[in-house]
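Here subunit A shows up in two complexes: once beside subunit B, once beside subunit C.
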Partner chain A sequence: MKKYFSVYRRLCIANWNVLMAYRADVFMQIVSSLAFSVNHVFIILLLTVKVPSVYGWSRGELLLLAGVYNMFIGIYHAFISRNLNHIADEIYFGRLDYVLLKPIDSQLSTTIWKINYASLIRFVFGAGLSFYLLHDMSVSLTVSSVVLFFLFILLGMFLLYSFWLPFISLIIFNPRLSNIIMLLYQLTNVSRYPKEMYARLPVYMVAVLLPLTLIITMPTKVLVQKFSYSLASELVIVCLVMGLFARFTWKFALRHYTSASS
Partner chain B sequence: MKTYIQIIRLTWEEMMEYRLNFIMWRVRFVMQRLVVYFLWWALFASRETFFDYTQSTILTYILLSGIVATFVTGTRVYGVGELITRGDLSNTLIKPINFFSVYAARDTADKLLNLFLGIIEVALLLSILRPPVFVQTDVMPLVLAGMAVAIGTVMYYCYAMIHGLLAFWLPDVWAPRFLSFVILEFLTGALFPLDILPEPLSTFIRLLPFQYFMYFPVKVYLGQLTVLQMAGGMAVGLVCVGILWYVMAMMWRRGLRKYAGEGR
Partner chain C sequence: MRYVRILALHIQDVFQNRGRSFVYFLMGLLNPILQLVFWSGAIAEGGGNGALWTFREMASYYLLVTVVISFLVVHIEEDVAFLDIKEGLLAKYLLRPFSYFISKFMEELPWRMTHGFFAVVVFVAFMMWGRISFPLVGEPTRIALAVVITVGGLFISFILKMLFGLLALWTTDFWGIWGVEEVVFWLLAGIIMPLSYYPSALAAVAYALPFSYIVYFPVIAVQGSLADIEMIRVIGSQLIWILALSMLYRIVWKKGIEKFTAVGQ
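And now, the complex of A and B:
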């Protein structure tokens, strides 16, 4: 375990140095990330200006959902998505060998290698907005609700990662599947809105999207005290199943990695 | 002309070479539309009108703007940036063909294929979701909407090319392009009609050329603009095309003087 912490500390420093090497690029990334966040919140503000509630979610709650989404996605894009994006390149150019040869778990090493610090601006924006809204809605936070909130954020992070990884594993079989990354970013957007919004979708589509709709809905419901044990158990079960499936597909796909073009 | 038809055919072959990858790209488009569609559908669950839009007009707006977007913003021009930074532009420069025409032909191929698939996808969505949609039966708005799409298409070509040509001066054009995607999502009216915005902001955004990529053609189709607004919109659109074309041509001339074919 100590070895992993040591490796991660070095990776954090190395990524920070990379970030500082291209400062203009960082500035653009921060502006873009902020623009995404502001855009999302503005759309919710605009669309709820004449509607007091949508599917049982008040305007404030929907904005809080947007705040939590930005916190969540800020962390996810900073620490996880960039790595999964990077795997696609490594596979395509046959460089995954270097990762596989390292004396640490291959799935872990491919997940932690890159850190996009600029995305953390979305976390800061989301956290600021969430705090403001909680204060405005006079929601009192307890220690248990804060702990539960972060627990669900972690579970959501694990769920989204487990959702992405099987798709990324497909690239091992078909290295030219670069558009899958764009599709995953798009699918992640589904979690921006409440689960109830997709109620009218046909069952075969809901089955794919349902796990994603739980990711942000759950922690937000904890904050607004609409938490239910049935929904929480649903999330835990989905996490377990998806996690095991992701691990299995990654291991299975690796057995078929041919290191083409290296 | 034969050369450019051949380029169109080659671009189609290139796009269909990795079919699963291409399908992923289209699935992404459908997902994008579905999320916006359900967002609006949810808003109409408890009311009949919203900002002077009925459910049928707004859902028509969302689905149609998807088709317009796939045609107007479907482009191959974004590859120009990499072509310049890698020095591969030299390959094109030594050929007896016009650079802008080559990319116009490649864009044509991209747009036609995307339009064809976009129509099929929207038809599928219509058959699955069965939303109330508005069908324009008057010929005039249809013709004018076609003209508005043409203006938007040429304008987007210039806009995307300007982004690509920035590579003459910048080592990487990824960041400005990414930022432009964010801006476009908001300013083109892809997520909502621009006239639902608060008045000063709505007027300001409609003064920008971005509305021609999606909002303006769909509004013309829906017949929600007066003759004067349509004529004025077309005239302003043509002026914008002229300005962007001029900027693009100027950047090309100046950029070529700076181009050193680095990386070759």
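And now, the complex of A and C:
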């Protein structure tokens, strides 16, 4: 365990040095991250111009959902998604060998190698927006609700990672599908809308996407005090199942990896 | 003729990568569908008339947006910026006796055709499955005008995205510009909802910029929501944008190519 902490500390420093080497790019990345953050808030504002509430969510709550989404996705893009994006390229170009030869767990090394600090600006934006909205809605935060909120954010992070990894593993079987990672970025948008929205659709159409609908809805419900234990247990069970499934598919796919000629 | 041969080769390439092509198509499909689901709930909760528009109008708009995005929204800027400029592949194009601009157009066209085909299949399937009849332009003259607007949208989209891609000649990294461009395009092209439902100030900005001529106007032209005179006005505006962007492209290409170092930026 100590070895992993040491590796991660060095990776944090190395990624920070890379960031500082291209400062103009950092500025553009921050602008870009902010643009994506504002984008979703704009979408909700536009969609709710004439509709005060949808699916039992008021306009303020939908904006809060957008704020929490930005907090969540800021952390996810900073610490996880770029690694999975990178691994798709490594498989496509046949360079996965370098990852597999490292003396640490392959799944972990594919997850922690790259850190995109600029994405954390989305977390800051989302946190600011959420605080403002909570104050506006006169919702008071308690220590337990904040702890529970971050616990669900972490669970959501694990769930989204477990959702992405089996798709990445698929690329080992068909490297030409490396653009599936772009589709995963789009699929993550499913979590930006309330879970109740998908209840109207036939289960066979959205069954695969249902785990994603829990990711943002749960922590947001904690903030607006609509939290329920049944929904929480649903999230924990889905996390466990998806986590095990992701680990199994990754190991299974690696057994079929045939290096650069695959 | 030589460009037709290049096109034929790229068509083969796209068919070889049909799975990849389908994944790209799904990416364009997802967001309009999410908005359609969002609105369908809003309309249902309002008893069918509480929102801005009816389900039929909404479904027609978002499905046509999917078709138009698939046919017209070019993604060549990523190739230009990341592969050609950042990784230095532009050098091979410069050594060939073909125009870079036309070569890239021939590369992109088969992708647009394939995605458009997938989108039309989805559109027809939805019409048959949902048993919904959508308003579509009917008279031959108006169909011809709608086709001209659609083709105009493709040209604007292509030149604009080529211009964005060439900006990588001045920047080390393109991710930042790409992100801003994506967001601005999303907001101002009419993908989120029809521009006529936007707040007036934002709608005025959207009408003034070229993005709406790539998605919004082709969609409402195909829907038959534009009067003849408005269609001609849109074509006129598209021509002005094509000319202006082409001139800008020539300037940017001339200035930018002097900065290209052939081994990646």
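Observations
The criterion applied here is as follows: the second predicted complex is superposed on the first by the 260 of 262 C-alpha atoms of A that agree within 3 Å, B and C clash if a C-alpha of one lies under 4 Å from a C-alpha of the other, contacts with A are read in each partner's own complex, and residues count from 1 in each chain.
Here is the rule we go by: contacts are C-beta pairs under 8 Å (C-beta built on N, C-alpha and C of every residue); 3 or more make two chains touch, one makes a residue touch a chain.
Treat the numbers as computed from the prediction; the structure is a model and nothing was measured.
Aligning the two structures on subunit A places subunit B and subunit C in clashing positions. When the shared chain is aligned, subunit B and subunit C each come close enough to touch A:V31. Residue contacts after overlaying the shared chain place A:V51 against subunit B and subunit C alike.
Residue contacts after overlaying the shared chain place A:V190 against subunit B and subunit C alike.
Contacts of A:N179 after superposition on the shared chain: both subunit B and subunit C are touched.
Residues 24-25, 28-29, 31-32, 35-36, 39, 42-43, 46-47, 50-51, 54-55, 174, 176-180, 182-183, 186-187, 189-190, 193, 197-198, 200-201 of subunit A lie at the contact with subunit B in one complex and at the contact with subunit C in the other.
Residue ranges of subunit A in contact with subunit B, taken from their complex: 24-25, 28-29, 31-32, 35-36, 39, 42-43, 46-47, 50-51, 54-55, 174, 176-180, 182-183, 186-187, 189-190, 192-193, 196-198, 200-202, 205.
Listed in rising order, the residues of subunit C touching subunit A in the complex are 17, 19-20, 23-24, 26-27, 30-31, 34-35, 37-42, 44-46, 50-52, 171-173, 175-180, 182-184, 186-187, 192-193, 197-199.
Residues 22, 24-25, 27-33, 35-36, 38-39, 42-43, 46-47, 49-51, 53-55, 174, 176-180, 182-183, 186-187, 189-190, 193, 197-198, 200-201 of subunit A touch subunit C in their complex. Considering their complex, residues 18, 20-22, 24-25, 27-28, 31-32, 34-35, 38-39, 41-43, 45-47, 50-51, 128-129, 172, 175-176, 178-179, 182-183, 185-186, 191-192, 196-197 of subunit B touch subunit A.
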